[in-house]
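Labels A, B, C, D and E are assigned to the chains in the order they are written; within every chain, residues are numbered from 1.
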Amino acid sequence: MAVGPLTLPILSVITWLPFVGALLIMFTARHRPRAVRWIAVVTTGISTLLSIYAYATYNHEAAGFQFYEKVPLVPPLGISYELGVDGISLLMVLLTSIIISAGVFASWTVAVRSQEFYALLLALVTGVYGVFASLDLFVLFLFYELAVLPMYLLIGIWGSTGDVRPRGIFAWAYRETGVGTKEYAAMKLTLYLLFGSAFILVGIFALYVSAGAASFSFLELEAAVFPLGLQRWVFLAFYVGFGILAGIWPLHTWSPDGHASAPTAVSMLHAGVLMKLGAYGVVRVGMGLLPEGAADLVWLVGGIACINIVYGALSAMAQTDLKYVIAYSSVSHMGIVMLGAATLTEAGLNGSVFQMFAHGVMTGLFFALVGLVYEKAHSREIGKMGGFGNAMPGIATAFTIGSLSSLGLPATAGFVAELLTFLGTWRSGHRWWLFPAVAGTFLTAIYVLRVAKQIFWGPPSPQFQHLEDARGPEWVALVVLVLVLVLFGMAPGLAIAPVDTATVPLLARIVGP
Amino acid sequence: MTLPTRLPLLVLLLPFAAFVVLAVVAPLRRAGARAGLLSIAAMSVAFMAALVAWVEGFRGEATWSWIPSDGGPIATVGVLVDPLSNAMLVLVTLVSLLVQVYSLAYLGDEPPASLGRYYTYQSLFAFSMLGLVLSPGFLQMFVFWELVGLCSYLLIGYWYQRPAAARAAVKAFWITKLGDVGFVIGIVLLWSATGTFDFGELFARAQEHALAIDGLGTIMFLIYLGAVGKSAQFPLHVWLPDAMEGPTPVSALIHAATMVTAGVFMVTRAQPLFALVPDVLILIGWVGAFTALLAATMACVESDIKRVLAYSTVSQLGYMMAAAGAGAADAGFLHLLTHGLFKALLFLAAGAVIHAVGTNDIFRMGGLFRAMPQTGIVFIVGTLALAGVPPLAGFFSKEAVLSGVWEAHLTVPFLMLALTVLLTAFYMFRVVFITFFGRAFEAGHPHEAPWLMRGPLWLLAALTVAVGIRLAVGGGEHEAPGWLVPLSLASAFVGFALAWAMYQRGLVDPATFSTALAPFDFLARRRYGIDALYAGLYRALVLGFARLIGWIDRYLVDGVLNVLSALTLRAGAGLRGIQSGRAQDYVYGVAFGVLLLFVWAQLWR
Amino acid sequence: MIGLQAYLVLAALVFAIGLFGVLTRRNAVGILLGIELMLNAVNINLVAFARFNGDLAGVVFTLFTISITVAEVAVGLAIVIAIFRVRRTVEADRLNLLRG
Amino acid sequence: MSAFILELGLAVVALLVFGASLGARGSDRRWIAWLATGGVLVLGIVSMFVAPTRPALGGMFVQDGLAIFAKRLFLTATFIGLLAGISREGAACGRRAGEYHLLILSSLLGMLVLASARDLILLFVAFELMSIPLYVLAGFLKREDVAVEAALKFFLVGSVSSAVMVYGLSFVYGAAGTTDLARVAQTFTRGQPLLTLGLLAVFAGFAFKIAAFPFHMWVPDTYEAASTPFVAWLSVAPKAAGFVALFRVYFEGMGERAAAWVPIAAGLATITIVAGNLMALPQQNTKRLLAYSGIAHIGYMLVGFAAASASGTAMVLFYLVAYVFGNMGAFLVVEAVARSEGSEATAALRGLAQRSPLLALAMLLFLLSLGGIPFVAGFWAKLYVFWAAASAGLYWLVLVGAVLTVVALFYYLVVAKRMYIEPPASAGRIQLSRSLALAVILCALGVVALGVYPKPVVMAALRVAAPLF
Amino acid sequence: MTLETVGFGVVAALLLASSLAVVLTPNLFHSVLYLAAALVLTGVVFLLLEQPFLFAVQLLLYAGGVVTIVVFAIMLTERLVGDRIGQASRHPINGAIVAAAVFAGIVGFLIQAPVRATAPAPAGDTTAALGRALVGPFAVTLELLGVLLVAALLGAVYFARSEE
């Protein structure tokens, strides 16, 4: 694992390159929008290539954390800059690369303050990479915050304001909080996630102190033994803290509002990658460090996940705003992720990680498409749209493929993920989880196809005369995402082989070999 | 890997290659007819290969790891080659080929881009159906099962700008998906219990009676649910008639000859497993027979020619399932094959008629025999085969089914099936008489279809006859009660006579007749209210519940959050009120603070 | 001999009366007088303690408090005068431009 | 004598300023300000080389690590505050420059002595020396109706509080029989009514100085009305002094018995955090908002105080350092905007990011620091304070603090929204005087440096706090 | 009941009465006079406590100085406004309750304290000792007090003088 003197610190490069890009954009490319975009393309592109390279050269036999780097930061406190990836994080790094490269292209047409937009976007990506690659919990937390905070400005400045009418017995509260506006969504999202991060921080410190306050390193904490009582409540803290970001019910309501208000690339990145940060945190930090606590509390995790699946799907069905439909579908799909993890079976956990990936790509695709539709039709009201398929066949096709993955149709990544999760549930301690999960996929089929039909099928709506299909850079985003979706659906081994090398030892820690 | 597996694999991959080329190479796809030619070329080679495999009687299996896991792959993919799959290969490639050729003419007026899209879907469908047929295990079968469902959805919605087509496509997907929910739960359970999806292994264990699983009955029932959806068994049959919104060749291929028979194929394939759970088999038999009868009654009152055929398909699928349920899976499968031929024939012929007249309504047709005799002849051939008239193909397979059901002591299902024979003859000849004979309708100048369409028709008609003769010559050894043939022939004749009397001769007024059977007529015309029931359930339960949840989410779950936020803001605004601006109030603050400290200290002493 | 308690209670009473004055007088100068009383109570306390502890520090302390009190009063009255110039009132309750 | 070097040096600077103001002519007396600022800077540099000495004046005056740490902090804050106040227009540099700076310097002298005082009388005198000039300075804009009003409120609440405090001191003296704090600490045990009463009353006095709820009420009004550079200084330096005095009186020499103050400090911390944060929510005036947020910060510091441990004390010291830079910086940005826009409302910050990106970025850094976000000083401050409280078993307090942090972030983000999201009301960059810009830069540097590399300051704080227990 | 007790009783009663008068009388001038009385009476209390020097300081510096300044201030403000300044009480009940509560709080501690009835014998001439202490250990404090007084004076003058 030692890093030779001439070895490229590949994870650091992947992580920090976008940040360098952000700095370059801020300081060299003022008022030159084309240069801004190209800097973004190049920096994220190199990161992407490097992550593909890392993915391809990861040694499955050796398994464990590879591409290891360690630089002590604050030795007395045991904080070091420690990076390394195993099968799970490797896939997540790849996902991040895919989404951000698509996102850069998808936001090509951002006109207002594009320099700041790209800079913030790239800074945020560094945070995301950092969380996935960090092996030091403290540094992980720092990256986590870096991944959350730019969101506020990204949504607040470039977001869009939706139409949510204050109604019901709490209408007064909605009027006071300004529900529906982008500022509201940005604020809600940021505060909610920071609220969660408080729990994470408490959890991290509890572990740190309990293990002897010598190190924040994941590897060293992994070796420590924590008393069961501590494990329980710390796992709960991690579950709530990270879970908020993963959209667990009933702490998910930031997600629809946030995603609906965010600009395209931000929604893509947020639903596609950031929500995975939450799930990844629960699996990596929560389950990885607190095996007994996790085993004790999976009933909760799985139960909530089941609620998520069905509840999210039904909520999605009730929405009239396209972005809200997609956002709620994320809530539902993140339920699958959490459910798979809660099964504590190899199949389930693989399914969970695979679903993180699949949903990331799928929802990234969805938000890219919704962004395009919105940009061209200037409406997100599903009821007002219709017959777009004729004018934008490419978008329609991509949307259909996304929908199919979403409802778990074979030959798309979504199917493999869901199937593995299903397989896991019945072998887990809580068999009945299978039924809400399957019901969720059926409900998904209902709302997704209904939306696809409403928007793209049927006679063209007279009020939308001049619609165009995707163009130029936008195609790049769509094609990449669709290809990945189908490729990993047809050859799931690509992802599961490395992931399996990480999940099996993890499970061995939790439930014994 | 040897030739016996390589050749079927070729059959499988050719349409896939065509699909990929068409999907990726946009200019070719947009060229329309040329895309069709590519697809047809791939299909014909595949057909040849399939024919070879069938004639040679290849057997073999080849699998590859698909979803890896620590202790060997969870799931494999591959091909399973045996007589069952070989026969299906031939049927699928043949009908696909013919339909694709037919479509060249039938859809000749479509814009090239649309036509290209059509052939893309067609290739994908052929690939999916072949993959399903060749599946060596439940999981792969499910994968392709879903893919054919997708193609069905896409092709029903081919004319996606028609609201009816869009609705029908989505409906078909949902209803079949409902069945698939059972299927997937079933195979998940099966895997959990056995650790494998593989047919070979499962069958071997079943043979050795090593498959004593708790709840195997439930598992197989759940798996059967998939077939209920896909093969349009009661109560999930409602999507098939609506699926007729797709182009007629699609109906012929997918919704008559191939995809809808997937359920039957699956039950046949998994016969060794179903054999372990007789209760489920009996259920399958009962449901099949009931479906057959129910669909036949609906066919009798239908005026849309394609829908008549669709109900007829449902009905015949019921036969096949009944046979499978009675343990006579061979008979069911035989009926599947013959039905595939003559039903495709009927649909294509109906397509020719529709093409000529421009309407689906049989009451707006009439006397077409004179205008298009060739189509008339092949349609009648198909009708005879369907009605079970010897020596056409349908007769023998239907007899086999009936005798199988009788021998399984499923008396009531048998009676239902027998009654269905009568009804089948009646509704088919009703169509024949109304459409091809009787008074010609004024509008339009119907003409014979072009050769590209007539060729497949004749070919299918010839095959129907040939297979019948082949069966008549070689299939006589089947043991059946002696009274069965006369009974079914008599039933068919009664049906024919009734139709002749009512629609040809006018001896019996259909209106009087329907008045006589008013309750049945009323129900059948309303599809027994099943569609309405589903629609109602969907709206009231699913959508209603969704709206409720959506409301709860927005106004309760999120509401509580917003209330908390708003209360916090209000608390801030309220608390700020103590900052009155008057200096002495501030001194009160100090005094209260001091008091607070005193009290606190006394309390914590 | 009068006990220490008696002096302390006396001082506490004066302190409370002073506080009452601070809380209730409307005139800023009046409030200042209340503060004077409070500080005066402190002196009683200090001297009493010095006497009963037999210690000089309390007396020193008293000297300092007296001086500081005078300084405080001087500044306070100056502020009152300044405020009177600007606002033409010394009624404390009217000085509520700043609030919330 | 070396123990008094800073105090003596300050006296020299004050004399220089006094002499200079006698000879000054004209209405532009910025040079006096520069003189004072330079003097403080020199003292600040000197303070970096000051080493602890043995107690002087028979133990009344201690120049220990804590005192030196605190004095460096006061000098730094005063330097930044004076620097920021230098401008052509400000009252601080007009005809009254001499008075202004003399008052600041004498208050600073009070702080310096306060940090070293280990005798009740000296403590009280130093406390009053620190406070009385502040009343005057609060109303320094004496022709503005709000300024004199604020001065009066400050004065009234302040003198009542100091009356309460000295009343308490009298009991402390009486019960302990000495004015020497070291001996008071030795005498103190739970259940000594007079000493408890005394220390409680003294606590009230300090609570006024650090502006803990409900002794805080002078704060918003005073901050709103007084001149901003002064407020920036007022919001940090006397509070730091208050905390140092708290440590001296309540911790030094107490050892385990310091735990007696935990419930009171924790309770006061709780209500202060809650009230400060909630009351900041509806504020539209940035200075007022910062005033309430400052109250909440005092609550967070009290959390560290409530830990009643060496680490808690050290973390409060670190918090103070972070707070000096973050809070002063925020006020100074307000000053910069106010000089250009003539308004201190949050609305004046609209679109600042597009007008003056760097100024907006600086403000964002300060806000993030105040909000406790990583990579800026405030994050570590909160983290350490919570950590100390958690180590002391005050988990509930940590939870309250953490939850209310979210509320705090709300109003900080609202300000960020003004700057970054809303469109500017008028175009053009904000013009900053060089000295103000320098002060803002110093604050930003401090915030970032402490955020990136907090270790030296943390270690220093731990070192100086350790001997207290 | 000794003479001392009677003396204390009388002085205490007078002190309390004049203090109450300070905070209750509606006329500000009268208030100031009562304050002077209260301060003098406090001086008498100092005498009772055998601190004649402090009595003198109280009389001269405190009673004299404070009252003079206050009277000046009243005159000044009255001159400016041109009519008499009255004063009423605001929310006297609330004020009384809070003040009483504070008093009760203090007494709550006082009654828990052990009664210390005996004082050590008076230490003779404390004045000289006082002087030594002020220039001895408290020299720095005294100097600081000087600075304080200068600063306060500076501030007071700054406010009080009417600007050009």
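One rule holds in what follows: contacts are C-beta pairs under 8 Å (C-beta built on N, C-alpha and C of every residue); 3 or more make two chains touch, one makes a residue touch a chain.
As the structure is a computational prediction, the values presented were derived from the model and not from experiment.
Where touching is counted per the definition, the chains common to chain A and chain E are B, D.
Hopping across touching chains, the smallest step count from chain B to chain E is 1.
When you average the Cα atoms of each chain and compare centres, the chain farthest from chain C turns out to be B. Across the two interfaces under comparison, C-E and B-D, the one joined by more C-beta contacts turns out to be C-E.
Averaging C-alpha coordinates per chain and comparing to chain A, the farthest chain turns out to be E.
Ranked by how close its C-alpha mean sits to the mean of all protein C-alpha atoms, the top chain is A.
Separation between the centroids of chain A and chain D, computed from CA atoms only, is 43 Å.
Here the CA centre of chain A is 36 Å from the CA centre of chain B. With centres taken as mean Cα positions, chain C sits 64 Å from chain A. Mean C-alpha position of chain D lies 32 Å from that of chain E.
Along chain B, residues 569, 576, 579, 581, 583-584, 587-588, 591-592, 594, 598 each make contact with two or more other chains. Residues of chain C found to touch two or more other chains are 15, 18-19, 22-24, 31, 48, 52-53, 57, 60, 64, 68, 71-72, 75, 79-80, 82, 85, 92-93, 95-100. Among all residues of chain A, none touch two or more other chains.
Of all possible chain pairs, the ones that touch are A-B, A-D, B-C, B-D, B-E, C-D, C-E, D-E.
Of all the residues in chain B, the ones that touch chain A in their complex are 65-70, 74-75, 139, 142-144, 146-147, 150, 153, 157, 160-163, 166-167, 169-170, 173-174, 177-178, 181, 184-185, 188-189, 191-192, 542-543, 545-551, 553-563, 565-567, 569-570.
Contact residues on chain D toward chain B in their complex (touch as defined above): 152-153, 156-157, 160-161, 164, 190-191, 196-197, 200-201, 203-204, 207-208, 212-218, 220-221, 263-264, 267-268, 275, 277-283, 407. Of all residues in chain B, those touching chain C in their complex are 576-577, 579-584, 587-588, 591. Residue ranges of chain B in contact with chain D, taken from their complex: 568-569, 571-573, 575-576, 578-579, 581, 583-587, 589-590, 592-594, 596-598, 600-601, 604-605.
For chain B in complex with chain E, the residues that touch the partner chain are 584, 588, 591-592, 594-595, 598-599, 602.
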